[in-house]
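Reviewing the structure listed below.
As written, the chain order gives the labels A, B, C and D, with residue 1 at the start of each chain.
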Amino acid sequence: MSKKQLRIGMVGYGFMGRTHSNAFMQASRFFDLGYKPELSIVCARNRERAQAFADQWGYGGVETDWQKLVARNDIDLIDIAAPNDMHHDIAIAAAESGKMVMCEKPLGRTATESRAMVDAVRKAGVPNMVWYNYRRIPAVTHAKNLIDSGKLGRIFHYRAQFLQDWTISEDLPQGGEALWRLEKSVAGSGVTGDLLAHCIDTAMWLNGRIENVTAMTETFIKKRKHNLTGQIEKVRIDDASAFMARFRNGSLALFEATRFARGHKALYTFEINGENASLIWDLHDLHRLQFFDHHDEGTERGWRSIHVTDGEHPYMDKWWVPGLSIGYGESFIHQAADFIKGLDGDPATPTFADAHETDLVTDAVLKSAETGQWEKP
Amino acid sequence: MSKKQLRIGMVGYGFMGRTHSNAFMQASRFFDLGYKPELSIVCARNRERAQAFADQWGYGGVETDWQKLVARNDIDLIDIAAPNDMHHDIAIAAAESGKMVMCEKPLGRTATESRAMVDAVRKAGVPNMVWYNYRRIPAVTHAKNLIDSGKLGRIFHYRAQFLQDWTISEDLPQGGEALWRLEKSVAGSGVTGDLLAHCIDTAMWLNGRIENVTAMTETFIKKRKHNLTGQIEKVRIDDASAFMARFRNGSLALFEATRFARGHKALYTFEINGENASLIWDLHDLHRLQFFDHHDEGTERGWRSIHVTDGEHPYMDKWWVPGLSIGYGESFIHQAADFIKGLDGDPATPTFADAHETDLVTDAVLKSAETGQWEKP
Amino acid sequence: MSKKQLRIGMVGYGFMGRTHSNAFMQASRFFDLGYKPELSIVCARNRERAQAFADQWGYGGVETDWQKLVARNDIDLIDIAAPNDMHHDIAIAAAESGKMVMCEKPLGRTATESRAMVDAVRKAGVPNMVWYNYRRIPAVTHAKNLIDSGKLGRIFHYRAQFLQDWTISEDLPQGGEALWRLEKSVAGSGVTGDLLAHCIDTAMWLNGRIENVTAMTETFIKKRKHNLTGQIEKVRIDDASAFMARFRNGSLALFEATRFARGHKALYTFEINGENASLIWDLHDLHRLQFFDHHDEGTERGWRSIHVTDGEHPYMDKWWVPGLSIGYGESFIHQAADFIKGLDGDPATPTFADAHETDLVTDAVLKSAETGQWEKP
Amino acid sequence: MSKKQLRIGMVGYGFMGRTHSNAFMQASRFFDLGYKPELSIVCARNRERAQAFADQWGYGGVETDWQKLVARNDIDLIDIAAPNDMHHDIAIAAAESGKMVMCEKPLGRTATESRAMVDAVRKAGVPNMVWYNYRRIPAVTHAKNLIDSGKLGRIFHYRAQFLQDWTISEDLPQGGEALWRLEKSVAGSGVTGDLLAHCIDTAMWLNGRIENVTAMTETFIKKRKHNLTGQIEKVRIDDASAFMARFRNGSLALFEATRFARGHKALYTFEINGENASLIWDLHDLHRLQFFDHHDEGTERGWRSIHVTDGEHPYMDKWWVPGLSIGYGESFIHQAADFIKGLDGDPATPTFADAHETDLVTDAVLKSAETGQWEKP
């Protein structure tokens, strides 16, 4: 085959290591791409586990030091699927060594971190992307297309929430490999960076920039046992975070994320209300887009439940037949495919620069939660 | 006021006595009618209970013998809300005495009974109607309008079911005032006449006549204590009844009713699939009509959930404001209002003659369940 | 019958005049009450229309001056179904004349107005109530019972929204009889008093007092033709209003109301998340309560869609049989019945004093929208 | 690695060739299996297309004659993803050459065909399976587990439907590579073998054997252009097929499949009602199982919407985190994994023998549609 090589060095073998590895492998099965991704090296501190992961996924080898990985000549792309506190250093080193860089979200623990990362990839001129995968759920991409077509008209309202319930138990500890999302030094923040960041990325993609925000955060369980120290320690991340916003286009918005909404596992929903039409989406039924079109005949108007599984819907010509759904994992496959396509054309988004904008908003949210004032990103 | 009197003699004070009494009273509040209904006399064997009912609802008096009621000169309309075994005699006597007659469904316990009732009202030339109330749920009426407009095109499929679960317990007795629906001599049949009759009335109204049927019935609990005798006796009604049918317009149909579908209280649903559009309705959310229009733009097609509560929707200009729903009881109010309007114009349906057609189908269903053959109504 | 008289003087014959009149009449049909409500006098400036309304609903007479109505000796209860700017004067005069007073919501245009009204009914010692009818939708009452039972445990989150879309068109004028809700001098505010007030009343009933709020409001259409002057005039009410809040029990809340959410007619929803269970309700399907119980067996957990139509559910033993729903109008019937029952026992709520608490919150919301600060009610 | 080889010879590269190829590849990524499946050879008449498919999916080589494929020594398993008229010959030859055989459904065009295929695999003693993939949608497997646990108690009702709308247009031709499903000589039957077969397989797995059936079928479009001849020819397959049945456990059933239900793409649903509990599933939202448990407290009973995405749910520990769904393709992955696991233990089902039982039912359905009588499988 005349396809170009794309040799991937993956940092991390956790949940995201799996979704990314699967994404690259499946992208070449289901999409017609100019590059053939190869799972070359997986890097993790624990060699044994790294090797087991490599065997399962077909990686050609392992490294235990990410600096060695970055320095190798036989790698084209560094993909960072490690915890948030490692994003900054690895990404900058990878860029400086001239490699393409993909990074899990959020890009930085703070906008200051991600600012430096943006500068690094710009200076190096390397392709870069952040895995805000929800843009590429077909129903979400379809929403983007409908908005861009002008069907909604002037936008009045945007709402998003990301509700989970997995940290309600007081017995859940914090920290360590499994629960680094509860440790501020590693994660940067709690649900603000973990969940709201997704909501903000989608929102700005669909509805443009955010002008200002007013926020509140809460840590319901004040102390938890720490997995590394074994001690009961103060919890420093936010269990819940909500903010109101005004977009630059004049629309009003409400955003909320929490891990304390009993009954919701991963209820990421958004709604956008325009002058002429509205849209609602929900991750729990990710293949459906709710669409209300005021131009429908009066007595027949109703929210349409569009089952976004036809060949004409975004990405769906690559999969099965109408009515048959795909899942969460496929959003990463689409993103990998789009990144690769972008290497020979317009770069795919969100780039590091786009993701830095999201970090500016999450920083403003956290600041407003402290000041009680409206803050600008 | 210049409104004409409409003096009502009501037979029965049970569930249906209440819905009918309410219907007449509310019709004059919410509709502009040429007649003013008056709750004149309620008739029931038990004078004390009849009087209590009269006091609650404002009836002017009571009778304990329906023959005396029918013979009175100060009554214009006899409304039969008594068990099925009384429909035939009362209706015929009422017609013969020149009174308008309204009757609960099913019209007869058999088509033979209802045939005689049709003949009586025809001979007497008196206005008549059967309380198949579901036609006048606004969403159902709206479905009728959409079908009549031709939006659906050629019809391929019709489905209806009426699922309940209230007789599953073996400890439930049969017979007597409360449970006459389980006694064949009173009810005529089980779910066939009680529930399928509703499905058939709506179906023929929406989709025309039925050509032939093949059916199965079942009595899951074979014996129950009888409330009147105190003995364990054989259950003679059908607990479940299903049939397949071909309509004269060439469409295929499935019908099912049961009191053994755990989890469903009164799940009356129908669906109709046409060449160009389809409709689904469900009594449990009676204010919604699901509508799929193939003429919608391809990637935006989806089942529309029409909240049938706008002023432009059938009957809804008489009620509240858009988005605010009405309930089950209002379907009877609409029927009373339409009956009264029909006195000065085209008679409202379903008439006795229409309801007799339904009895012909239920008779064919019960016959087919015995013969195992396709039968014609 | 030995029932006591309850002679009602109704002020207003609009949408609310109808719901209230219907409520009193139906309450005595479907509930067993110690008082028999009588529709005695309806009062409105336009005598002709008042008389037509009186004829339709069976009022014994009409007045065109509310002060004459209040002064009559043959009236026991003044029910205020007139626009918001009339609530204060009529209510205080009614109380001073020793009559029971019922009033549409919001109680005052401001908390200052309602403070005086509370003082008046307290001083007079007269029964009083405000028509926050949504408390008495059976599913909402059932939610209250579940919360009070302790099933939810510690509460973390509360969310409410009331979304409409009827004022999006720029061609819609403001003011006058039909559109007084768009005129600040009559309505007091826009959606804050009209819609958020409902959300706040329910929220404080279910979840207790609100500690503080931060809010934003918007008027999307800045100028509209005024119905009375015929001129294009500035719109002074809020088209949309949203706020974040902290309840005294430590839970976080988001509230939003708008008339610019295309596709929603009257989407009043609330959700409450507790440690052990959660509840969701939605006015568009008002007979359903969504309930998630973490105590269900792990693999069988799911949101339960409770069809609140069983005889054991609040108020439903007064209506039909399981599975058959009631509508919006019935919530007023329940409230009328409860008010009357409360005359001989514990007074029904919300009283004027309760409704004044809601006005304190809406005042804080409007203030915060100006200051950009967190404000206390 | 010490994993055993499992060298696959795939016949067919269409829709099912893709799902099966993906299944084997992904099974080894997401499951821990004793065998490592290898995509060895793909076989199809068109060498060029076969080679393109081989390149895309990583097959080691191609054959254009299935008899050569079956004769090769370097193949362990023949997987038949070719049209129905090829199943019989290939499967028998594969068994006779001692190879494992997997076959798309339906197993035969008739039960006579599949009877011979069952005999062949039995005689050869080779592992065998039919790709009735819907058993392994996690929500369906969970339904099986709940039924087997006894939670439902005595079963009263079973309902299934598989509704599509893709052949409504009269302009759609029949026959040839793309539309062999409309040609009786290739497909065997229309929706009976294509769609009802799925419903029957699931039903007998969940609810046991079927005692007898009465059926109706219809061909709405009588003539279509034939892709191979270019002539307008009679359509010989059934566009719609429905039947009523009695199961051996005494429950009643309705089954229906059609390609003429406007608005439904692939609406495969089933419902089962037991004495104590009921279940509903729907392919359009395949990750949800509706569950009603009568043992829940009376006023809190409701249909639970179980989002079958927890680690404790069938297969879901292999995928993402709670709340994140998988799709249609994964059901094949699960089936491939189970087949491979079964090689070292209890063979996975449905075997050829199981699938033959389904063919007996579809044969009885087609016969009853002709005779108008109840027929036994």
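Just so we're on the same page, contacts are C-beta pairs under 8 Å (C-beta built on N, C-alpha and C of every residue); 3 or more make two chains touch, one makes a residue touch a chain.
Note that the coordinates shown come from a computational prediction; the quantities given were computed from them, not determined experimentally.
Averaging Cα atoms per chain gives one point for each, and the point farthest from that of chain C is the centre of D. The chain pair C-D and the chain pair A-D differ in C-beta contact count, and the higher one is A-D.
Averaged C-alpha coordinates give centres for chain A and chain D that are 35 Å from one another. Chain D has its Cα centroid 55 Å from the Cα centroid of chain C.
Contact with two or more other chains is made by residues 264, 303, 307, 310 of chain A.
Taken in their complex, chain D has these residues touching chain B: 156-157, 159, 163, 165, 168, 214, 216, 218, 220, 240, 242-244, 246, 250, 252, 254, 256, 258, 260-264, 273-278, 292, 294, 303, 372-374. Interface of chain D with chain C (complex): residues 142, 146, 289-291, 293, 296, 298-307, 310, 312-313.
Only residues 1, 15, 19, 22, 25, 28-29, 55-57, 164, 166, 264-267, 283-288, 307, 309-310, 319-330 of chain D touch chain A when the two sit together in their complex.
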